[in-house]
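The structure that follows is given in the form of structure tokens.
Labels A, B and C are assigned to the chains in the order they are written; within every chain, residues are numbered from 1.
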Amino acid sequence: MISVENIRKQFGGFAALGGVDLQIAKGEFVALLGPSGSGKTTLLRVIAGLEFQDSGVVRFDGEDVSDRPVAERGVGFVFQHYALFRHMKVADNVSFGLSVRKRGERPSARERRERADELLRLVHLEGLGDRYPAQLSGGQRQRVALARALAIQPQLLLLDEPFGALDAKVRKDLRRWLRELHSQMGLTSIFVTHDQEEALELADRVVVLNKGAIEQIGTPEQVYTQPATPFVASFVGENTVLPGGVHVRPHDLEITTDGGHAVVVDNVFRKGGVWRIEGMLQGTDTLVELDLDAAQAAPETGSTIHVRPIRASNFTG
Amino acid sequence: MTSPPVRPPRRRNVIPGFGLTFGISALWLSIIVLIPLATIFLRSAHMGLEQFIAVGLSPRALEAYRLSFGTAAAAGVVNAIFGVVVAWVLVRYDFIGKRLVGAIVDLPFALPTAVAGIALTAIYAPNGWIGQLFDPLGIRIAFTPIGITIALIFIGLPFVVRSVEPVLADLGRDVEEAAATLGASRWQTFSRVILPAIGPALLTGFALTFARGVGEYGSVIFIAGNIQGSTEIAPLLIVTQLEQYNYDGATAIAVVMLLVSFGVLLGINLSQVASRRRMGA
Amino acid sequence: MNRNPVSESRFARAALITIALLFLALFILLPLFAVFSEALKEGFDDFAEAVSTPDALAAIRLTLIVAAISVPLNMVFGVAASWAITKFDFRGKGFLITLIDLPFSVSPVVSGLIFVLLFGANGYLGPWLAEHDVRIIFAVPGIVLATVFITFPFVARELIPLMMEQGKEDEEAAISLGASGWQTFWHVTLPNIRWALLYGVLLCNARAMGEFGAVSVVSGHIRGITNTMPLHVEILYNEYDFVGAFAVASLLAGLALVTLVIKTVLEWRFNLHHAGARH
């Protein structure tokens, strides 16, 4: 169980974290979601011991680890750009954590190689142990980085933008596979992302951060359907703000014949199984986005339609 | 007009001036570098192998090579160690006067070698500032191989610092952080991760120091003592041969020195290419 | 306690900085200090006298002449070679670059030797030159040749990486707008490379004025005629005129310091320039 209590961290005059509290249970898969500068990476690095908080406490299983150096925290950390050791073969990269142990606790060279091969099998890279990182693709490097982090048998796995540098297809495959690995190995995992889709798809719980503070903690379902703040409503998922602070998703708007808001249609295009209609709220410059079942006829560009929210979040003040 | 000896640019290029600039370069290079350097090999080819070996590998010459290569290697090792420390301090730490220190590193590039030579001799002679500290202990620095090594350390330091500095600056912090998260101590991180990463650059710096040291003349002759068989460096032997109008002797020694220097540089370049290919830099 | 995972303890930092500074002070600064200290040991009058003897003045004049000839020659070569190498693709480009660097890895003494082998009394062209009463070795032309050889790479070395990085789009744009080759060079290329050019010329000049080994071999050490400043330093030193030797040496050391200052200022400007150019 990881517990973060009232963590504050300043960089110069900039408050990266302004009193953050967070509890994470064993076996959870948690996403730290937010825009850049929200403090999500700083929080991850504070938990790892790569950064030290100005005040507040980090506990692992109830024990205060705030002063414990990173090398002794035993967390697996996967870096955004993998940070592989370029001069070492893949197998040596993976077994690095074992080879720097104190004499006596250090496995023999053969055991280390066996352990490395085992981990490489786990991440589906069997047979690539004698390559150098430069000879691998981005997705393969990512998995080497993961195998390397897992080699020290961490209880806690931390991932900084784990899929940020990969192309869309590889990213999708890796996500599913990471999810499986997490449950299979019984890990507690925290990952940082700015991609709400990734957070919603992968995590058990999503922590939305903004400007160094937590806006909402909840399941993907809660964060999406019951955003706690206007920031969450607009950052997670697409969102139109109607007069009176009403936040509504494109698929939660319907066309009506009586009443509702008048919208002048600007643009209509197909988006998967629906028509996406973009238009301006009549007499204003508020953009309204609305999804309409593609089986229905799409409204003409330039015409005026009337829309009404089916479901919305209302934030006043 | 006959066609030019070199192929014109393969792709069509709108920028003019290839003929002019390439012509100037090739002509100048031939007159100043290629033809003069070729004479040295031409001359040694005339000598015949037996005569070449007799002068080029005479006992006196062998002593001189041993001294020159030995002191150059020793200076290279000292510079490799302290050069990394200096580069590290310049890249990683902030302190007052850092810019000044950075500029001072280049002094050996700018200071004429003869000036360095007489200054070092004045300092390390038995009555000099530092020499007099060691003289009572029975240690002589000037006019011994130690003095030669010190002069070569002076000459070579910037090569190591300037080779290592950019690589150290480019080394990602995340790689060091990764080592730390895997349980490595700071020293393990340095020796297992940082040192191998700057290794190729360090080797280049060492090789440049070495190659420069083997051929160095101005800063060394004043402090060397120049006693045949013990403190006579190879370049001095060439000068001595020339003063006796023994061109063949001078040529043979020069060829041996050139071959060893080129051999070292070539070997190191090849190993760099190999490691760069592996590491994909 | 050191908590930053990628830094050293305060103690280790202080120790490393101290080691680096001591090493530099002992091996680099002390010799420089010794030059000025020895030069002024007997007071300023002796110093002034030593640098104004006829032989010293002749040496200063010769050094300036040699630099005035060899630096412009290598500047023209450096610009031409960089233009050919960076603006065009041709076979053997890598070989050309290697050849340009070659003088860096040749011993100064060998650099002098090759010209003696070519033009000396027993050299390949020696008899012919003697017949026509042309003196190269033990005369000023030999000193210039050796200096040009030694300082050959400096300008090209500074320009090639910079011009490589800048590419040739600017020049192509100028040509497409109707500029001639010369106009393009003067108005587009030269402004882009002027600081690097100055930097290369500066280093080239420092080396040209300070070269000892190569010049020593070809000069013949004729006082007042073929003695450059570094050679004059040697003669005075070997005659045990230490104040005189260090006095002339201090002029050269002064030149080195001026070179370093301008170099540092240029590097400082360069960095600003580079940072600005990225946007």
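Basically, a residue touches a chain if its C-beta (ideal position, glycine included) is under 8 Å from a C-beta of that chain, and two chains touch if they have at least 3 such contacts.
If you're wondering where the values come from, they're calculated on a predicted model, not measured in any experiment.
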item	value
Contact-richer chain pair (by C-beta pairs counted) among A-B and B-C	B-C
Identity of the chain that, by mean CA position, is farthest from chain B	A
Chain with minimal offset from the mean of all protein Cα atoms	B
Rounded Å distance, chain A centre to chain C centre (Cα mean)	56
Chain centre separation in whole Å, for chain B relative to chain A (CA means)	52
Centre-to-centre distance between chain C and chain B (centres being mean Cα positions), rounded to whole Å	16
Multi-chain contact sites of chain A, meaning residues that touch two or more partners	49-50, 69-71
Chain B, residues touching no fewer than two other chains	177, 180-181
Multi-chain contact residues (two or more partners), chain C	5
Chain A residues within the chain B interface of the complex	48-50, 69-77, 79-81, 83-88, 96-97, 99-101, 132-135, 148-149, 151-152
Chain A to chain C touching residues, read off their complex	49-50, 52, 67, 69-71
Residue ranges of chain B in contact with chain A within the complex	172, 174-175, 177-185, 188, 192-193, 196-197, 199, 275, 278-281
In the complex, chain C residues that touch chain B	2, 5-8, 13, 16-17, 19-21, 23-24, 27-32, 34-35, 38, 73, 76-77, 79-81, 83-85, 87-92, 96, 99-100, 102-103, 105-110, 113-118, 120-124, 145, 148-149, 152, 168, 171-172, 175-176, 180-181, 184-185, 203, 206, 209-213, 216-217, 229-231, 233-234, 237, 242, 245-246, 249, 252-253, 256-257, 259-261, 263-264, 268
Touching residues on chain C, where the partner in the complex is chain A	1, 3-5
